[in-house]
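Shared between the two complexes below is subunit A, which pairs with subunit B and subunit C, respectively.
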Partner chain A sequence: MTGAAGGGAILEVHALHVTYESAGRTVHAVQDASLSVAEGEAVGIAGESGCGKSTLARVLLGLVPARIAQIRNGRIAIGGVDVTGFAGRDWERVRGQPVAIVFQDPLSFLNPVMRVGDQIGEAVRRHDPAATVPARSAELVDLVRLPRSALRRYPHELSGGMRQRVMLAMALGCRPRLLVADEPTTALDATTEAEILTLLRELRRELGMAMLLISHDLGVLRWNCDRIYIMYAGHTVESGATAEVLSHPAHPYTRGLAAAARLARLPDGHFAMIGGDVPRLERPARLCPFLSRCDAAMARCHEAMPPASPAGANGHRARCWLVAPAHREAI
Partner chain B sequence: MLRYLGARLAWAAAMVLGIAIVAFLITHLLPGNPVDALVGDFPAPPEYVSKVRHLFGLDQPLPVQLWLYLINMAHGNLGFSFLSRQPVLSLVLARAGTTLLLMVPSLILASLIGVAMAVRAAASHGRMLDSALTAVSLVGYSIPVFWLGQILVVIFAVDLGWLPAEGIRSLREPGSGIGAVLDFLRHFALPAFCITVYYLAVVARVARSSMVEMLHQDFVLTARAKGLSERAVLWRHVLRNGLIPVITVIGYNFGYSLTGAILTETVFAWPGLGGLFVTAIANRDYPVLSGIFLLAAIAVVLANLATDLLYAAVDPRVRIAAAVRA
Partner chain C sequence: MSTAVLELRHLSKTFRGRGMAPVRAVIDVSLEIAAGECVALVGESGSGKSTLARLALRLIEPDAGEVILRGQSLMRLRGGTLRRARRGIQPIFQDPAASFNPRRTVRGLLSQAIEGAGRERAGDAELAELLAAVMLKPASGYLDRYPHELSGGQRQRLAIARALAPRPAVIIADEPLSGADVSIRAQLLNLLIDMQARRGVGYLLITHDMHVARAFSHRIAVMYRGRIAERGPTESVLAAPLHPYTQQLLAVVHSLDRPPRDATAKPVGSAAGAGCGFHPRCPLASETCRKLEPTLRELSPGHSAACHHAASREGGGDPIQSQPQRIPGIIAC
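Moving on to the complex of A and B:
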């Protein structure tokens, strides 16, 4: 499933299959994920926890140790450079610049014994050698709407929202062309979450950088992303323009997710939710991974993995037999 | 921070006083009578024995002896050695200097090498280098120092004849200037090696597990994601956080800087506190024993104080907690 954007793609992931070793077991965390992000574009990845979103985000920058995680198949290209075979120091060429990342919990992801200013300064020194570090650091805290006094503080002296702004300032200090934001507001309360999301939108407009926003919250993605990918059990199962995908979901999983997000009350008074659990990922799926939870399953689903097929306007595609041409012909 | 420092100092002073009392009492509870040791191993007339007892104040009740001891201590007077009749303070201080000359450089060396080894080991976590360094530190930790010392003497002093077997300087040709320094270093090498190996192992073991733990912290991911080299990640981010528990161990080691070398000093006839200590025990020389206990205790208290302050310097979170508590 490639994205709608043509020309300059800052990120392209094709048919990625990643396994990692956990407690002596092999987990196929990402099995068949394809996505692309064009320069300046905002793209979202949605899915329940444990569907491989965070693994995907970390594999993009080689942040999972090679001893633990392995790319079994597929391809990752950053700014046209194939990074799939990168090892060790190779990764230093793409980390921070052109791709920076902010993580979920800004307290544990900041160095507790280093002043905020030093942590931001480090990013500037590494990627912006022409800049005067103190001046550029001050500029960066202005940019994320933090008081300049924050530079002299330690992470534990700041509130959750301020810490996430520090993470952002640090990422921006690398002058990235793509910002990967892995659940950036999940650890924050609702008001702070809204502030950070507004800030992200403004920064993207000011700096023109692309963003890959990863979230389990469709509401967050709806207002912040041009396009969206729905991930389930390591597969990208649906993609397209955000409004199109969320208002006309084609894949039964997306439908369930959208219903759950609206907290839609069913006629019997219960909240809508998807029954069952995300499947265990100890071996790669041969059939649609959603099959065991799908209420629209048919004979075809038990025979073969559905291909990604057009499912609507604006490059809307889904990996489901409901929209696959073979199925349509059969009808 | 200043109030914190004041509170720590007051606490340290109280500790020293308590230790002085305990040290005084313990030496008096030891079996054996100092008068017997003083008078010698022959039947002395009772008048002579009681004269000696009176001379040293041993005929006074214990609380009175303790009170006098504390009053004198406050004046810097730790009494006189039963044996040599010299003031305890100058006796102990002179020997303590020699001991520190051996211990402090060895402890510093052990701390630096131990931490460096631990960082290297953690960086190659689970691989050959890591296993090798772990094995080395396990061996260093397990070898008894008196055995290692004697083996070193046999190899380097007796067989190869490269280094002197004992003492702190050559008696025949002590040399002067640079020559004296070199002569000292030749005597220093073997005992210092013994001490360094042990403390290095202690530091490296704690530091390695601390560094490995830090390597798995989230902020290390952030540092890598910034595009920092693995070197910068290790030495700038992992090391400083990983050092926090190591400081405790290093501080603890320094607390033993006066008494930690007794066995080594005995093996190499290093004229430090160790020899004085052994002689004092053998002769029931209470004032000297109390003096050594007191000094050793002060060293531990000072080392703990320094550790607390260092903690606050390295970890800003401790500073906050301390300010709140103080």
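Moving on to the complex of A and C:
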């Protein structure tokens, strides 16, 4: 489901299949995910716990050791470079520049016994050897709207929002063309979340940087991404322009997700929800992974995996028999 | 309100530590919850919401004020009498995994909650009914399992079952849904609605999710720096917020249907000192605000705000789309 990536794509993922091995069990965390991010574009990945979105983000940068996570199939290209077969130090060619990542929990990322200024300085020295470290560090804290005094602080002395800004400053120190942000505001309260999201919007405008924003919060993605991918059980099931996908969802999963996010009421006074449980991921799905929970399932769904098909305007696509051409011809 | 099942009267709590400035976490807060009513307590981290919850549960002692459950003050009770009375208020915490004894099975956890309430031994039939109420069916599949063998959503439902086991009058839920996926959030809210309808349970729901507050509560209380900044009927607070802080909270909500306003960083470490606690962040702050602490005044029926400028202003409209059906219908059904 590669989207409309007009100019050069900074990131391209095609039919990615990733498995985890642990205690003799195999988990197919990502089974068939395809996406692309164009230079300067903001793209969202939405999905619930266990849908594979964070695995995807980590595999993109080789952050999961090969003995734990294996790419079984598919291809990842960053800035035109195929990184699928990368191992060890190969990753240094893409990490930080052109792609940097920020996570949900800055405390587990920052060194607790090192001053913030030293940590930002280290990132600068490593990724921007030509820069004067103190000057560039000061520039970076200004960029993320932190007071310069923050450079002398230890991570525990800062609030959650300020720590998130520190992590962002370190990522920006690498001058990335693509920032991957994995649930960057999930641990923050609504006010601080809004501040960080506003900052990300401003930074993208100032730096012309592309962003891949991973979130379980459709409201956050709605106003911060040009395009969106919906993931379910390791599959990218729907994609397109954010407003189009969220206002006119084609896939029954996206419809359920949007209704639950709106806390829509059913006639009996209850809130709309998606019944059933997510499928087990011990073997790859042969049929639509949403089949067991889908209230629109039909005979065709029990026969074959639906292909990604056009589902609306602006490159809107869904992997569902409801929109597949074969089904349309039949009715 | 004479029908209140839980009354918090003038509660205050200051935390003091060696070598640090005292933290006034809760300052003269009063709040009432009626049978079958849900009051949402909203505000940012550090506003005192969780401290208020712990005071209401009498997990910590207030410096001043009273907690009154079904007309009986809990403040003068001690030992076993307090423990029994306190079972009328049950907590649900954010992280269910951390609140279960990992060495007890589901059967053990629920029996303990029922028997601890001074009731006779819990039979499997009663346990099955509790589990069915939270959609853990069939009970035989869950009774002998340990909390770590359940999924996150199942554990959260077990936490609700345990809170319901002693048949409480009020449940105090501290961010029970934060971090939950939206489909699980809807499922848990549906359970809370059912219990409200069937057993008339009242809720104090602490949340920073304005969507949940809007969809589920009858009344909203907004806390800022230990005080109630505004409280009133949910519709009225959302449609016409009186306090500038409430207006700011609502403006930054990321809803699917309305864009949020840009948020600028709040000033850091601005100790307000005298006057209104919100004045360093307030666009309307005047000389009066810097000098005089505003009191909570009722400005329309049941709707109060602690703001010197509140009376002279119209509300800013409802930034979260108004829900066509409102919750009072639930109680009737």
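The rule we apply is simple: the second predicted complex is superposed on the first by the 330 of 331 C-alpha atoms of A that agree within 3 Å, B and C clash if a C-alpha of one lies under 4 Å from a C-alpha of the other, contacts with A are read in each partner's own complex, and residues count from 1 in each chain.
Methods note: a contact is a pair of C-beta atoms (placed from the backbone, for glycine too) under 8 Å apart; a residue touches a chain by one contact, two chains touch by 3 or more.
Bear in mind the structure is a predicted one, so any value in this text is a computation, not a measurement.
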When subunit B and subunit C are modelled together on subunit A, clash or fit: fit
Contacts of A:R89 with subunit B and subunit C, given as first, second, both or neither: first
First, second, both or neither for A:G24, with subunit B first and subunit C second: neither
From subunit A, separation angle of subunit B and subunit C (C-alpha centres, steps of 10 degrees): 80
First, second, both or neither for A:T186, with subunit B first and subunit C second: second
Touched partner set for A:G80, first subunit B, second subunit C, both or neither: neither
Dominant toucher of subunit A (residue count), subunit B or subunit C: C
Partner chain(s) touched by A:P129 [first = subunit B, second = subunit C, both, neither]: neither
Lowest inter-chain C-alpha distance for subunit C and subunit B in the superposed arrangement, angstrom: 6
Subunit B-facing residues of subunit A, complex: 58, 61, 63, 67, 88-89, 91-92, 94-97, 100-101, 103, 105, 108-114, 122-123, 126-127, 154, 156-157, 167, 170, 174
Residues on subunit A engaged by subunit C in the complex (per definition of touch): 48-49, 145, 147, 159-162, 186, 188-195, 197-199, 201, 216-220, 222-223, 246, 256-258, 260-263, 265, 269-274, 277
Touching residues on subunit C, where the partner in the complex is subunit A: 44-45, 151-152, 179, 181-187, 189-190, 193, 208-212, 214-216, 248-249, 252-257, 259-260, 262-266, 268, 321, 323-325, 329-330, 333
Subunit A-touching residues of subunit B, taken from the complex the two chains share: 126, 217-219, 221-230, 232, 236-237, 240-241, 244, 314-317, 320
